[in-house]
Structure formats: C-alpha cells, structure tokens
Amino acid sequence: MGGRDRFSARLGRRDFLAATGGAFFVCALGERNFTVRTARDVQRVDAAAASLRRPASARRDRVDSLSFATPAPADGGRRREYWLVARPVRWQVTPRGYDEWHARRVPRVTFRALAYQAWSAGFARPLGPPRIPGPTLEAEVGDVIVVHFRNGAEQLRQALTVHPHGVRYNPEYDGAYLGEFTRAGGFVAPGEEFTYVWEATPDSVGVWPYHDHGPNHTLNTFRGLFGAIVVRERGAARPDREYALFLHNFPPQITGADTVLHCINGRAFAGNTPTLRARVGERVAIHVIGMDSNFHTFHIHGHRWRDSAGALVDCPTVGPNETITAAFTEDNPGRWLYHCHVFSHQDAGMAGWYLVDPR
Amino acid sequence: MGGRDRFSARLGRRDFLAATGGAFFVCALGERNFTVRTARDVQRVDAAAASLRRPASARRDRVDSLSFATPAPADGGRRREYWLVARPVRWQVTPRGYDEWHARRVPRVTFRALAYQAWSAGFARPLGPPRIPGPTLEAEVGDVIVVHFRNGAEQLRQALTVHPHGVRYNPEYDGAYLGEFTRAGGFVAPGEEFTYVWEATPDSVGVWPYHDHGPNHTLNTFRGLFGAIVVRERGAARPDREYALFLHNFPPQITGADTVLHCINGRAFAGNTPTLRARVGERVAIHVIGMDSNFHTFHIHGHRWRDSAGALVDCPTVGPNETITAAFTEDNPGRWLYHCHVFSHQDAGMAGWYLVDPR
Amino acid sequence: MGGRDRFSARLGRRDFLAATGGAFFVCALGERNFTVRTARDVQRVDAAAASLRRPASARRDRVDSLSFATPAPADGGRRREYWLVARPVRWQVTPRGYDEWHARRVPRVTFRALAYQAWSAGFARPLGPPRIPGPTLEAEVGDVIVVHFRNGAEQLRQALTVHPHGVRYNPEYDGAYLGEFTRAGGFVAPGEEFTYVWEATPDSVGVWPYHDHGPNHTLNTFRGLFGAIVVRERGAARPDREYALFLHNFPPQITGADTVLHCINGRAFAGNTPTLRARVGERVAIHVIGMDSNFHTFHIHGHRWRDSAGALVDCPTVGPNETITAAFTEDNPGRWLYHCHVFSHQDAGMAGWYLVDPR
C-alpha cells in the first residue's frame, strides 16, 4: 500500500468503489464540477487547476474599487511574524504500522501530501521537517500576525494561499481565490511569495483554523494544508498543556490506500496519532477543529468539561472548520483513550492516547 | 439540462447512479417506504400521495377528543394576517448560468418547483412572483399570526399544509398530517383553503422555519415549500439589515440535473444565490436555517460573531430545521464570500457574496 | 422479514446493496478493519471477536504501572448498586406492524439483539424482560454507582463491557478494551462478572449514555447494548415526567430487514416507539442521546425550550453519544409528534407520540 512520489494515488485499483462504498468528493474548478472517485479524477482536477491563469481584478460593484491600508498593531501590540512554505512532503499516515487501541497491524500508508512548513526569518532555513498540521500561529489582542507565505510546491503547478479564520483582515489579506474578484493574496502562484497581515482584535480571542483557499482548495486542504491560530487576551497565561487536534480524513483517491483513513493531525490509529500528556493539577486545553466534510464528536475517557455555555459535556459535536475546546484542570491519572465518537470514524483511525501522570 | 413542465425530472438518465454516488432519499407514504433514486421513483411517490384520502379523525386516546379554542392576541397584541398560496413555479436554480466564485459557466437548471406565494388580503392578487423561500412571517410577542393558506397546486393532486416552528399553536393548527389522527389543518386538499392561527408567545422569540408537513412533506419540502418566521420582543427594533438564508439542496431526482445542487434560498453558486449588502456601522443579522437532511456549517469571510452562549464563532454547525444567527455591527468593508464549510456543499453551489460599503 | 435465532441476518438477500444504497459500517477488530456490508460480514466480525484472547496488561509507559484505589462515596453519599446482565434477546423493532404517523402497515422486524437486563441484588432474578435501552442508572452527587456486570451472552462468545460517560472513574473501571493496555473491566469474557465503581462528582451532573466498549463494541452497541445514567445534585427533585430517548439505527446487516430502521429506544415508527405522556403544569424533561454514527436534530411539535445557553430552540442538533435535554413546564395539551428532523431518518422510523392531558 502507499503512493509513489506524485500527488495522486496509482490508478487502476480493482474494486475501488466496492472498498469505499462509492465514496467521492466534489471539487469545483475551471469549467467543471469534478466528482472525484478515482486517482485519475484527482489528476484531472490537478490539471484543471494548473491551467488556471491569474484572474483579473474585476470591478463590478463599487466595493470592488475599495483600497485598504495594511493594518498595524494596536498600542502595546506586536508584530508576530511567521514564514510559511507550502510544500510537498512524503507523509506517513501510519508510521508505526500498528493500531495500539485494537492491538493489530495496519497497513503503512505513505503518500505525497502538502504541508505548511515553518521557516526562520527571511526564509533562511526550515524549522524542522514539514508537518501536518502546519505551525500554530499565536498572538495576543492588539497584535498583528504577519505571515510571509511562499508557494514552494512548484511540482504541483497550482496557486495556493493561506486563509485564516477568526482574526480580522481586509480583502487584500483574505487569502481566498474569488474568481474574477480575486485580490493578490488569493492566488499565490508556484514559486511566488505573499505577505498576509491579520489583526488579533478583541473578538478574535479563541482558537481557529487556517487553510488553503486557493482555486483547488478542497483537494489541497484534504492533502494537509491547514494549521491553527491561537489568539489570547493580552497577557493571558497559556494553559500548562495545550494541544490542537484536527479531525480530518485522507481519502483513497489521494493516498492509494484501500479505504478512507480518518485522521487526527495527519495520522491514523492510536500510537500514530498524537499521544497527549499531562500531570494531575495542570490546566489542560485541547482544541479540536474539524477539517473535512464530516461532522464529528470528541470524547476523552475519564474526563468531562464545561462547554462555552457552561454545560457539562464529554462528547460535543464539532463540524467542518468549527472549533471546540476541552479545558479542565487535570485530576485523573492513567492511560486514556480519546476519539471521535462516530463509530465509523473511530474504527478507521480517529483515536489516540492521553497519558496522565499523578501529581 | 433542466426539466419540462412537470414535477419530476425526465426519466432514463444514463449513469444516474454513477453521477450521484447512489444518493437517494426516503419518503414514507401510503403503504410504502419509498427509496427515491430516480425521477420515476418521484412519480411513484406523487402517485401514492395523490391516492390518499382525507383521514378520519380517530379517537384512540382521551387527548384525541380534546377541543381547542382559536387563540386571540394578548393585550396590546395584533393579528398579523398573511395569505399564502402553495403553487408550482418554473424555477431557475442557476439563472445566471455562471458561478462567480469559481469564474466558470455552470448549467442553467430549471425545474418545476413548489413555492409559498404571498397574496394580498382575501387572496385578491399575488404580491409578486412565487419565490423560494416563501414570504417571511413577522410578529411581536403577544400577536397572533394568521395564515390563510390555499393549496393552489391542483396539478399536483396532493394535500399540502403549513407547519410552523417556534410559535405556539394548538393541535388544530399544527399543520401536520398525522395519519388517522390528522386534524383539519394537516390535510389541505388541492383547491382547498385553511386558516392557521399561531401565537407569538414570550418563548417564541427568535427565527424559525415553516414548511409543508402534509402526507408527502419530505418531497414537497425538498421542492421548495418553506419559509421563515421572525418573532421579536414587543417594540423591538429591527436590525438595519436582516437576511434569512435557507441551506438546502435540490436532488437530481426532481431537477433532472446531473448532480445534486446545494442551494441557498433556492439558488446555487455565487451570483445566483442571494447577494447580501450592508454598510459599515449597521447592525446586521443573518439567520441561517437548515432545510434538508444534511448538516452544515456557516462561515462569512472577514467576520465573526457571538453565538447564543456568548462564544466567538465564525463557522457554527446548523442542522436540519435548526436556526443559527450571525449578528454583528458591521466594521469590515469589501466583497466577502459566505458559504457552508462542508467542502462538498460549497463546491456544489452553497456559497454567495456579501458586499459591505464603507461608512 | 425478520431473523432467526442467531446474531446476524440470513444470508443471500437479493438486491441488498440496491436497497441500502451501498450503506455499510466499519468495525476494527483483530487483524482487520471490516467493512460490514452483508450479514456474512457480520458473521466474520463475530468470528474475529470470538477468537480474541484476554490481552496482557502491557506496561509501556509509566502510567501503565499506576494502581488505583476503589472509590468510596463522599460524606453523605451512598452506594447505588445495580446488577446488569448482557444477554441476547429476540427483539421486535416494529411490534405493532403499523406506522401510526403515516397510517400504514410496516413489516414486523424481529432479530436477535443484545440488551443490558436489570437483575435484583446478587443476580437473584431478572427485574423484567431485557429491554433496549438498558436500565437507567441514577445517582446524586457524592454517590458511587456500583454496577455488577455479568456477560450472559455465552452464545456470542465475545468479551463485553460497560463503559460510562459523564461520571468519574479510574482506569480499572473504564470498561474499555484498549488492546494490550486493557485493564480488567475492559474485557469481561462470556460467563464472567466484573464490578464497576464510578463516582458521581459535582461535574458529573447531567444525563449520559453508557454502552459496550469491548473489542467488538461498534457492532454490539448497534445491537442494543446501551442505556442512560442520570446524575442529580444532592437532594434535587426529579422532574414530574422524565424520559430518556436514544436515537440510533438497526442496520439491515443485523436485522435482515430490507432497509435500515431508524429507531428510538429500539423501536421504529410511531406507535412502536415510546409514547410519552404528561399533564399540563408538570415539569417535563426529555433527554435525547445519539447512539449511532449519524447526527440528528430533535423536534417536538407544539413545544420549544431553552438550551444550555439559554437560547430558545425546538430542533437542536444531537451527535453520537451527545445528550441534549428538552426541559419545560407543560402548557399545551393534545397529541403531538416528536421526531428527528433529518427527513431520511424520520421517514424510516425515527418518530413517536407525545400525549399531553389538560390540567
């Protein structure tokens, strides 16, 4: 199992539809709405995306002629600069080849994913290997987040972007391909760079996703182009332990695996997904973000917490690009399973370990 | 692409199941549970609905013998009267034939839908063409909403109704077909009229859907028989801009299109779906209501707001017949995309423009 | 229609995939991830589960060597003891053979389900027939819930467990199969007993599910192994009427029916599902718990209530193993329909009656 060094899985898999129950996803691109059932369909979508030219900046409505100033930090705020490179990475979904929850071997699935990689100032050098999710962007209220972005996936021959949730930005920094209304940050061609400037306003406090929103963003987000933004009140303390978990899937069309793999942060099955740790007495915050077309619920054995309404929960719903936070003071040592409670997701990889040490 | 002047799409489409991934929906009607895969299945469901006779009003339980007074307005309240006619309409799902987000042509899909059309007092004359959704019904606490309803879809040969959410009503005005327990308002035969009287009570404050709940209500709701109810506190000011957006789909079985069209207010793809407007400084309320069997999340670029728990969100979940409201004071001019964040919905039409002028 | 006295439906159904739209579910077990499409697949999963041996208790991490004291009630708290036997039951999904909402006959579907049956102290005698859901476990803050569990499904030849949500427990009483990290309560072999001890802490207040979390828990939960836990503040009064409704489905693979049956508490279609009652003036609490892989919304005609954020709702979302509570003082007499508002669920059985008497 596993792909070669290209972006779509090998073609001609027998009984593919049988294995996936006819599962497919849809990509709107160029002149077509692609129904993506096979690796060949992925190639077609990529070819359509590669043929797109930079759109003109149409002025059909008076709002299209507005111009915008680049925001600066508020009094006392800072510039938080990040250098991100979108690039392909040979990604192991199941590096251990083992599912520790069910005590069984699972296939080692490797494919050509896309990731936002953190680089040092001025794109001097990578800060570690590409990872899924990309680096967490942090700010306090009053700061501006400056993301220097380079589309380093030249082989993909497609425009890419960074689109944030939660923070404030003007249309220049939306990072979204909008057809003829696209502004500069919505179409960063292969090899190009663009600098996004986003404001951490008082109503930006929270944890949010960022993700590709270029012309092929459904496919490229599914490939791994996403990460988290954390905005805190000015001077607010970090929790003692803070984790961001993305619930998503890698479909067979892009991995070449026999089935969809339901993942947490790019990995499937306990022992491959993140193993979280904490100690009794610590303040823990686990941010859970949906990043596919499915709805999920998030459960941690032995734990419960208050949701934003103050209600006690242990298995809340989290939808696509929605965030829920499980925050509590740890009081229950041991080895705990965390998982999405959609049975067909948990059994296809969406589970992991949370290890709690005594005080 | 596109239907003829009948309620189901033309038959015999090649590769229909391939195109829809075997998608189907279920209708419970007459002696059968219909699995609706094709336009012919739609015809079968319609035929079964047309053969239903008005049910007897069975009295199996003591509650079935209760009688109910027609409610009157509370002190200071008013009667808010509406005249609604359910009628067929040749409906354009993609009138522009263009998807402005993805800068591409899309097929012009037209089919025979159903809509609640607003008429003037006494059914004197229509107040404009039939639209999806139907007219928004407004009231303040203490009012009664009086809906004079006529089933004007004689060609459909089926009973129709109006069933409201949120407001208070006694069983006579439930507007739901309940088999042998159906009361008058639950079976309005073709050509018949019925007057519903609903109370706007203090716990009715909010925005709610109304929809067909007759014997064939799954199919006829999917065809477009739905609208919004807005109940405000007495004397409460309207927001400066207020929109109601229904997230729903038109399945290929009723449109004859090759694929499902994921719609907002009966239209698919930006430029066809509602283009919303506001000005900086205005108080904006966008009410989003699920009206199909799917779950959705609702995202507006460049914006965030507080949910009913006070939490900052920009992409909350909205389920079937659930309402969420995005309410904020506008502060961010420009052209913004709004969309469901389920990737397979947004790429199949569930997106639109929100244009914000500077102060 | 209907099964024989075995746990999977009879094989060789024609057009099974046609009838279910290729529906399937996934079970992770032994060396495989089973895609369960047919009754034969169910047999394969059961065979794999029957071949599992009790796992060793691996110590890979320091937390695996922790030992735990059995909790005792807090000052003033009590031991709430229950005796539960998991056992097969020939279960009627549609005992009336009739759907009262749609006034039509429906097939009588009977199959070999699994249920938690309540027994008297010391497993002396059963307290009534096995039911789906199992008995409701009640406690107040400060109590411990003691569940004496017997795996009485010897014919199934599989380990079973009881895993609770909401309450506090140490890893010994998690009731979850965790592969090599399984502790005693996570693998109760056929004929064996295990006693779980769970704490009702201040942050356990609410209504929660319990369910099987043994090695084959997806399949065995789908078969009916679930129930409710209610934790109240010390001395808190019960509502006048309190109901727990589980929204779930029985797939054709285990029932032998032609289609999936969307159920409430093990029954499908109004007249078979629970008929709830109340009287005007009574305080009513209806707890709704998701227990399958689907998301649902819950609607009661003629009623609305405040959610945990204080917002007025009449159709909230409820996800897998999530709980929502519809609580209100009854003020609206008559016969009311309650149902999930996912159209394809309500039309396939997920609806029932709520009968309200006048004061």
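Points to keep in mind about this one:
Note that the chains are named A, B and C in the order they appear, and that numbering of residues resets to 1 at the start of each chain.
Everything that follows uses one rule, which is that contacts are C-beta pairs under 8 Å (C-beta built on N, C-alpha and C of every residue); 3 or more make two chains touch, one makes a residue touch a chain.
On a predicted model such as this, the values are computed, not experimentally measured, just so you know.
Taking shared numbers over all numbers used, the chain B to chain C interface scores under half, which places it in the different class. Least-squares overlay of CA atoms from chain A onto chain C yields a rotation of 120° to the nearest 5. Chain B and chain C have CA centres that are 33 Å apart. Of all residues in chain B, those touching 2 or more other chains are 22, 295, 307-310, 317, listed in ascending order. Interface of chain C with chain A (complex): residues 22-33, 35, 37, 55, 61-64, 66, 68, 163, 165-166, 168-171, 174, 176, 178-181, 203-206, 208, 215, 218, 221-222, 290, 292-293, 295, 307-310, 317-322. Note for the complex: chain B touches chain A at residues 19, 21-22, 99-106, 259, 270, 295-297, 299, 301-302, 304-317, 332-337, 341-348, 355-358.
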